[in-house]
Amino acid sequence: MELLVYLAGEIHSPWREALKEMAKQYELPLVFKGPMEDHDRSDNIGEEIIGKQPNAILKDEAASAINNLRTQIWLNKADVVIALFGENYKQWNTAMDASTAIALGKPLILIRPEKLHHPLKELSNKAQVTVETPEQALKALSYIFES
Amino acid sequence: MELLVYLAGEIHSPWREALKEMAKQYELPLVFKGPMEDHDRSDNIGEEIIGKQPNAILKDEAASAINNLRTQIWLNKADVVIALFGENYKQWNTAMDASTAIALGKPLILIRPEKLHHPLKELSNKAQVTVETPEQALKALSYIFES
Amino acid sequence: MELLVYLAGEIHSPWREALKEMAKQYELPLVFKGPMEDHDRSDNIGEEIIGKQPNAILKDEAASAINNLRTQIWLNKADVVIALFGENYKQWNTAMDASTAIALGKPLILIRPEKLHHPLKELSNKAQVTVETPEQALKALSYIFES
Amino acid sequence: MELLVYLAGEIHSPWREALKEMAKQYELPLVFKGPMEDHDRSDNIGEEIIGKQPNAILKDEAASAINNLRTQIWLNKADVVIALFGENYKQWNTAMDASTAIALGKPLILIRPEKLHHPLKELSNKAQVTVETPEQALKALSYIFES
Amino acid sequence: MELLVYLAGEIHSPWREALKEMAKQYELPLVFKGPMEDHDRSDNIGEEIIGKQPNAILKDEAASAINNLRTQIWLNKADVVIALFGENYKQWNTAMDASTAIALGKPLILIRPEKLHHPLKELSNKAQVTVETPEQALKALSYIFES
Amino acid sequence: MELLVYLAGEIHSPWREALKEMAKQYELPLVFKGPMEDHDRSDNIGEEIIGKQPNAILKDEAASAINNLRTQIWLNKADVVIALFGENYKQWNTAMDASTAIALGKPLILIRPEKLHHPLKELSNKAQVTVETPEQALKALSYIFES
Amino acid sequence: MELLVYLAGEIHSPWREALKEMAKQYELPLVFKGPMEDHDRSDNIGEEIIGKQPNAILKDEAASAINNLRTQIWLNKADVVIALFGENYKQWNTAMDASTAIALGKPLILIRPEKLHHPLKELSNKAQVTVETPEQALKALSYIFES
Amino acid sequence: MELLVYLAGEIHSPWREALKEMAKQYELPLVFKGPMEDHDRSDNIGEEIIGKQPNAILKDEAASAINNLRTQIWLNKADVVIALFGENYKQWNTAMDASTAIALGKPLILIRPEKLHHPLKELSNKAQVTVETPEQALKALSYIFES
């Protein structure tokens, strides 16, 4: 019985690769999906598909439509969501994906450095589990499969 | 067509093993999931993942977050839930899992010794089926597959 | 804008009256509903309506049907649920009402003596707020209305 | 026919007062609810209700539980949500409230300075309306009532 | 706090009037809605609105569309449904309304003569309460309001 | 018990006024809501609120966001929806509102000239009632209130 | 892509076998589930599992709990429901299963002899398709797979 | 992980074939479903199954019931919906399918010639993505699978 795990959040560090590697070592039946991790491609995908836009806001609007399409399709199919907040960027789309998962009745594992606890306190309170590292998140998932 | 059966409840008697054994004998296409049955591991899993906690309540809080993660993931995928109440312990998490299943539209088979009927009367009234032994629960599931 | 508060749980202490009294003092626009608090009437209501039953289990079954009717009607209309666990009785119907509220998307305030934390840890983890006294629960509700 | 408007977001500028004032001038049948706007009270409410906590994270956890109780109760009753992002703070709880509203099928009006468009592009794409000032948001609501 | 009670079922006996009369005597805050009780008007309403139909089946189809419109509007608003089965007629629309209520999460009180128990056993099993007389159904509702 | 009726569809004929007039004559407890009926205002509302747009498509996009805000708020609160198709215009927003109502579990009364039956056959099949005139639609609603 | 078809209704004629045979001939990827077709076994299953009951009503109650368990599990997984009404028996459980399917958003194909149209008119109005023979129902399903 | 794509809309041009061909070239794990593309068969399917109807409207009604059965089954299973509007025909069933998808929480990709933007502005505003060609729609889906 495979579970689909949606990996929301930061795309500027290789945490997803580390997490997938651990899952392989633990031999867990997990399939991982997530956002586009190539920042430039994520910003440009709207113009690439519908063509050059007149200004930056419209370029953003075009890109976000495609990015949200991707997110909605995989979030709808996800069994559990992991969201990682890093120390940079606004990361409001991460907060959006994490909150959407909760509202859809899917459990959220929140990964954040302890120093971000205060601004994340309301989201942490709604998450099913809050940890500090991807390895801890994976240990939680591994526990699901122990008999 | 496999069905996923979530086995909520008592973890201090080997009723799950007996039930799985019967399912094998009957050759029923059932997959069983349930809570962590190792009581100590269940109590310690929070500290194991996020580290030593300052007191017993916080240790409990950390553990219950991981245990509920496990329950939520499998309950969301379950086709039917069996909940067994024994004669010891408070078993409020069993009542919680059983009630959550009903509220999610998943049928509940309640197993309890007859002597517990009075305190379980409201939950029994909401269960789809109430029986006294795991064997009776399995017979009910077996009937589902008869043509 | 009145809120409907369902008061689940223990019926052998006057905590509901104390809570309603405080609400009146704070002038909060709260309407309270809850289970039948007369234990005998709650146990006998089935037979009173459908007549003498052949044995204790059937008497219980008849009573629980009417008690659950009451609970379902008011829980469906509730904006928030308060569930109080005391130190006696099995209180599985309290756990059932509390869990049903959560599954229906209604926030739960759990009141329990600290000593019950371990057996209630999974339910406490799912509750929106866990406190030890009705007065604390009311303070939380009062905060909702502060501007 | 009164509508309940939940005002999520920034609590360090008087935008809610301005908006309520305009609603009064337009004579719109709107009732406004929102988070606690006194920052200190919002941070301290957990300890005030359940007592002094051993560290800052637990103080935050206690406070966020009560703040989320408030949000969940009013969001559940809201007909429309307005979320304002300012230029300071992480505002992840604002993103959380805004996303929860959308996932619950309630329309979102997003207010943000144009310079924040890029980091808010995915949330803006999901909002029903994106504007730059509270006055624009109120004009949109006023339009709802024109015959 | 008024409750809306939908009275499904038999239209050839004056049970609704009796029930409303009792509710008035008990001073219960109940509003009653139900199907058209004038059998001829119920059969003819389709043709009355959209005109003469070419045959009996189309006349039936036109009438049932309007009757179901009425049922859907009031069932959607109902807090509880009472369905009475009599000894005559097929009463499949009664079974339909009763089952729809259950599927919508609204409690059902089933009234039927004991002799109909066998053919109604599956529906009775899903009903929250099964009784034999309107008076018993009203007593159950009256119990809801007792403090 | 007032019902909220959403009047979707054609805004170039005075059918809504006629329907409201009839409702007043019949003394029906109906509240009517619907889209902006001033075509120019409906087309310009986006620019009026967020300012001049660079091209016609963006002007349309801005306007439709506000128009959909209005529709979503009232549709969410509606008990029943009436959608009238006329002989001109594409009317795809009418089909959208009508279909959304059905998907939300709200009954639809479809008004269309008989000659439009073929292109509307799938929508008519999903509507609860299909008629040709507003007067027929109102008669159907009037029937809801007959005792 | 296999579809699960639940076959509700009459168990005293071999219509299910005929329908399955046709599906095989048409090579349709359909899996069929339905109620227990052995009438005696269906009536006795409760006592067989939980033991001899004191009277006929309790025997019925025990049996219906198990039969509804079977129905709920397969209905929850069904993609489409076919319900056949014959000319004998009350068939209220058939009406219940058919109505539950509709309320769950699953399309219903109703099979009934034309002479039963009048008492089935409200259910027929809610069904997606009404036909007179199993062969017609299968042709409708076959059409789903045509490219 | 295969995704099911429902292709709503125009059946008089070979856009579905082109789209399937591209999907094959890109080696995307997509399964496509959609309406009957043979216009005559779509119009005649009702009479073919339930027999000659007395007039054109009843022939339409019979056909639309079967066509909607097909649509409902596949839309319920779809992960994403693509709807293409052409320059001819009323296409109200296309608007219906597109809107139903959105209301069910499934993302919509709208394909329309730019010149249709004005009459489609409200639907476009609700779509997740709006493009002008099937190739653009497929590029958006292809992006979903990029790692």
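The first chain written gets the first letter, and so on, giving A, B, C, D, E, F, G and H; residue counts start at 1 in each chain.
Just so it is clear, a contact is a pair of C-beta atoms (placed from the backbone, for glycine too) under 8 Å apart; a residue touches a chain by one contact, two chains touch by 3 or more.
Listed by chain with UniProt protein names: A, B, C, D, E, F, G, H = Nucleoside 2-deoxyribosyltransferase.
Here the structure is a predicted model, which means the values were calculated and not measured.
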item	value
Interface composition of copies subunit A and subunit D: same or different, split at half	same
Per Cα centroids, the chain farthest from subunit D	G
More contacts between chains, C-D or E-G	E-G
Distance between chain centroids, defined by C-alpha means - subunit A, subunit B (Å)	30
Whole-Å gap between the CA centroids of subunit D and subunit E	43
Whole-Å separation of chain centres (CA-atom averages), subunit E against subunit H	39
Centroid spacing, where centroids are CA-atom means, of subunit B and subunit C in whole angstrom	24
Residue numbers of subunit B (touch at least two other chains)	65, 68
Residues of subunit G that touch subunit H when the two form their complex	1, 3, 79-80, 105-107, 109, 128-132, 136, 139-140, 143-144, 146-147
List of subunit E residues in touch with subunit G within their complex	56-57, 60-61, 63-65, 67-68, 71, 85, 89-93, 95-100, 102-104, 114, 116-126
Subunit C residues within the subunit E interface of the complex	4, 31, 33, 36-37, 41, 45, 48-50, 65-66, 68-70, 72-74, 76-77
